[in-house]
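Listed after this line are the structures, all set down as structure tokens.
First subunit A sits with subunit B, and in the next complex the same chain sits with subunit C.
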Partner chain A sequence: MRKNVSLKIFAGLVFAFLIVPLLIIIVTSFGTNSTIQFPIQGFTLEWYTKVFNNESFMDSFFLSLQVAFLATLLALIIGVPAAYSLARHTVFGRNWIKSFFLSPTIVPGLVVGYSMYQFIVIKFQFPIIQGLLLGHFLICLPYVIRVVGSTIEQLDFSIEEVSWTLGCTKIQTFIKVVLPNITSGIFASFMLAFINSFNNIPVSQFLSGPGVTMLPTSLMNYIEYNYDPSVSALSVVLMLGTVVLMFVIEKTLGLASIS
Partner chain B sequence: MTQRRTPYLILAPGLILLILFLVLPLISAIFPTFFNGGFTLSNYTSFFLDEYNFGIFWRTIKVSLIATLICVVLGVPTAYYISQSPKKWRGLLMSITLFPLLTNSVVRSFAWITILGQDGILNNALMNIGLLSKPLTLLYTEFAIIIGSVYLFLPLMVITLVGILENIDSEIMEAAETLGANRLLAFVKVILPLSVPGIIVGSILVFTGSMTAYTTPQLLGGNRNIMLATFLYQSATALGNWQGASVIALIMIVATLIVMKLFNWVAGRMDKRGEANA
Partner chain C sequence: MSYVELKDIRVSYDNKNNILKDLNLSIEKGELVSLLGPSGCGKTTTLRVIAGLIEPNDGEFLVDNQNLTKVPVHKREFGMVFQSYALFPHLTIKENVAFGLKLRKEKKNNIDKKVKDILEITGLEALSDRYPKQLSGGQRQRVALARALVIEPKLLLLDEPLSNLDAKLRLSMRIEIKRIQSKLGITSVFVTHDQEECFSISDKVAVMNKGVIEQFDTPEEIYKNPKTEFVARFIGFENFFTLTPTEDWKYKAVDGTVFQSNRDWEPGKQTGTIRPDDIEMAASTTQHTDNTVSGVIKVRTFLGKSYQYEVETSIGTLIANKADDVVYQVGDAVTLSIPAHKLIIV
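Moving on, here comes the complex of A and B:
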């Protein structure tokens, strides 16, 4: 096939647009100057030690990890059986229920966080951390319903019938036959939900308080008052995390499965 | 009988959590905005009649629309390029596209702060080569929000389109060229119409995403270029105006729904027109 040169140049520029800003961050994170400079003068790892010694960054990092993990887990526990039921059972108003499960994606994240803060934290005096966990559960649930749902729909129904015929109860079949066959869907939805919860800002924006600040929020607050390369250094650490995740996804499922 | 009840028992926990923590909070925030003694729409009419508020609403729509258009213009050729690349390259190109998407949006906005700032990379570069004598104000402008939104959502557009364009037979382009169309014409007449479903889905994602994004306007827009999301946050926290914040919340939800319906309606119309022509 003949290659179209102008298309190649156009696409090349778009890829540069996508990747160069992030490369610049990587470079600036090694600069010795106390404000961000490009090109950098001198080379130092000082900003990385600053990040790892910054208590509020580290605390919020671990909080973000915990919340993302627990919210995803809760979404899987509730979402996987629900997705199964929606795919296999005759349910009255099935499409309606499915859209309802997916509805957290339609409501803007900031609105989710705002209304939940007002209702749960102000009106019912729940601790902020519980609101945060529930808010992130709402982010995670649609991924589980959508990804696991489509995996179950592609699963051959007759293997379940065989299992029932051979004497397994419905619950045994679900655990012994269905679950092992949909692990890739569960893993993909886990990854997607985890990444999106970990990176989410709008939902957490209202649901934060003393000692309860998620990493992106904490980074954002820092940026509003500081312009030093430790922001770049933390960004690089987060990008490394992304690279590791992408590598894991590529090796297990293939990146195509999440896009 | 138990047989028929099982699915509802399985679905119940999810439904209950959604009702308790999504629906009820939304109702409890938005319901009061319609009552002032009796039923009233005055909160909403006065929002849109107020010049300052309407300016924010209009800016939000304008920025999202421009960002969406840019994403379409940049996204369609790029997605086409990816879909036509050999398999071994496609993985790499998809990774370059996916990487920003999976990177935190604060990091992505921050990148543009360092580029567009008064003392930023772009201004310094332009001054060093003598194109500028004093720095341009690029950061904390609508322009910065547009760039940031494009940067945030272009990968979504490209990935959505690659999914559609991969299924287009490459021979179709060759056929068009054999029949005398030049490359550009063949692209416009053949590839573009075929990618409409992808453009619609991608545009919905970009438009609603830009319209409700919080990070980009907050970090790149500054105090003078407030958008609906930052306005909501400001109203609720700095001004303590919960009623006003709830009004904005409903406007954001309704605007999202209208945009989705509108794009799907346009897609439907185009389908019908296509049939009529065929």
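Moving on, here comes the complex of A and C:
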């Protein structure tokens, strides 16, 4: 019992260490002081209106949203068939290919960002928006392949064979039988890839250029010169968005199956 | 020319080891033929060659005089039932069954009628709007059967359809399958490793071993007259001893005992075999006649309705089952007689 109590205290401390800074951010976003201070003096929603009226925040927010959405969509279009082939066919060096596709989640973000900068911007001179899209597509792809792949692996292969015997071609089977049964995986991978693209700093930082700023970059730029609670307010808005998305994933597939 | 013909089929994944070799099989219209054998004998591979899920390296496959060897699976119009049922989880029972008909672009009225009829035959009307996960194993198996039958297939292929069901359900389902199959008169191939199941349901049985059909006969013929040692062992013969043919219908065992058998002898065959149930056992007598050997009981096992004895004799250890009206003890000397009409030479 004694051991259990000390373990509980330790776990509680770890949890507090993780959660308290977030709580403080939330509280400070409502403060009336002109700098981020804790505890706060009075209550106001002024910082939230300021965030929504800040043009550079809003522009970069929508840009981030668009890039994340398009990149995730692209990743699904390429990633779902790729995940299917990896799960169903004995491709030569399948495990190597799988590990390779997952590498962007393992390699440090800075390295990924820098190497993409080397190729996308310096070597191939992509236009900024296309370059950003390509970069974020590569961030999204591993999530799609991993999550959709594991859903496909759980699917009984014989339902596809039955569908062939009933007269479906392989493509018809993929559309009529496989896709309807992996929607939860597709949805979850969409959410996960979207969140990761949206929150990604290094790749956005390296690939953006004049006049094109992603939200995390514009937030960092802002903090460099201002230290007012609108940063807190924006953080709260982003946290809220992420929490809502994670909640939806939890309800549709369960977080356990994708981590 | 039979309705279904497999000619010299060879299947190999690496071109070194053959999964199937020189396999020939003829099935008449309306017959239910079983492929029986232990796991890894090639029975499922044979079924998948028929279905078109595996393309054979060599050989031809014909149905109704049409060569289907190169025809892809989705154009063969065979119904297939899988061990895992393989129902579409996202569709209701009705939609599962209608799946094949919708692809054939039939009129909606037609589809509805056919689906209704087959659900009635398989006793599933009440479940038509449920989803597969709401059904029991036996019900799912019936849906799988209905889905395969509704397209009026030229051939019905069943891959161990009963092995996921419990013993009682298995019994009633196999009667059900036989009933529906003979009612619709549909030519069927049934894969199983369970000999009782296979004998009860089939018109003909192909016993397979290592990619080869060892014997293709009616269930009675296989049960009474196994042609090879493998077949004999697989269907419950447990006693095997060497015999050398002497003159007409007579054989000599290693200890000189003379045996007679009513069965034909073919060159090269020199093993006598008999089921434990067919050996007659009595207290030891000094009188020695043909077809009898003396021995001592080494092990006795209680089987419920009978006892099983392992008897050490001069021709080897023999296993005999005997009802419990007379019980012998370990160490007793007994005489075993092997009736000529039960002794098989393989």
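Everything that follows uses one rule, which is that the second predicted complex is superposed on the first by the 248 of 259 C-alpha atoms of A that agree within 3 Å, B and C clash if a C-alpha of one lies under 4 Å from a C-alpha of the other, contacts with A are read in each partner's own complex, and residues count from 1 in each chain.
The criterion applied here is as follows: a contact is a pair of C-beta atoms (placed from the backbone, for glycine too) under 8 Å apart; a residue touches a chain by one contact, two chains touch by 3 or more.
Every value quoted in this text rests on a predicted model; they were computed, and no experiment measured them.
Engineer: Contacts for A:96 in the overlay, against subunit B (first) and subunit C (second): which applies, first, second, both or neither?
Structural biologist: neither
Engineer: A:165 in the overlay: touching subunit B, subunit C, both, or neither? Say first, second, both or neither.
Structural biologist: second
Engineer: Who does A:36 touch here: subunit B (first), subunit C (second), both, or neither?
Structural biologist: So A:36 only meets subunit B here.
Engineer: Mind telling me which of the two, subunit B or subunit C, contacts the most residues of subunit A?
Structural biologist: Subunit A has more residues touched by B than by the other partner.
Engineer: Kindly classify A:119 by the partners it touches after superposition: subunit B alone (first), subunit C alone (second), both, or neither?
Structural biologist: So A:119 only meets subunit B here.
Engineer: Between subunit B (first) and subunit C (second), which, if any, makes contact with A:79: first, second, both or neither?
Structural biologist: Only subunit B is touched by A:79; subunit C is not.
Engineer: Going by the contact rule at the top, pick out the subunit A residues touching subunit C in the complex.
Structural biologist: Listed in rising order, the residues of subunit A that touch subunit C are 156, 158-159, 161-169, 172, 177, 180-181.
Engineer: Quick check: in the complex, which residue numbers of subunit C touch subunit A?
Structural biologist: Those in contact with subunit A are residues 51-53, 73-80, 82-84, 86-90, 99-100, 103-104, 144, 147-148, 151, 157.
Engineer: Touching subunit B in the complex: which residues of subunit A?
Structural biologist: Going by the criterion above, the answer is residues 1, 4, 7-8, 10-11, 14-15, 17-19, 21-22, 24-25, 28, 35-36, 38, 78-79, 81-82, 84-86, 89-91, 97, 100-101, 103-104, 106-112, 114-116, 118-120, 123, 134-135, 137-138, 141, 170, 195, 198-199, 201-202, 205-206, 216, 219-220, 223, 227, 231-232, 235, 238-239, 242-243, 245-246, 250, 255-256, 259.
Engineer: Quick check on the complex: what are the subunit B residues that touch subunit A?
Structural biologist: Checking each residue of subunit B against subunit A gives 6-8, 10-11, 13-15, 17-18, 21-22, 24-26, 28-30, 74, 77-78, 80-82, 84, 91, 93-100, 102-108, 110-115, 119, 121, 124, 151, 154-155, 158-159, 162-163, 170, 183, 211-215, 218-219, 229, 232-233, 236, 242, 245-246, 249, 252-253, 256-257, 260.
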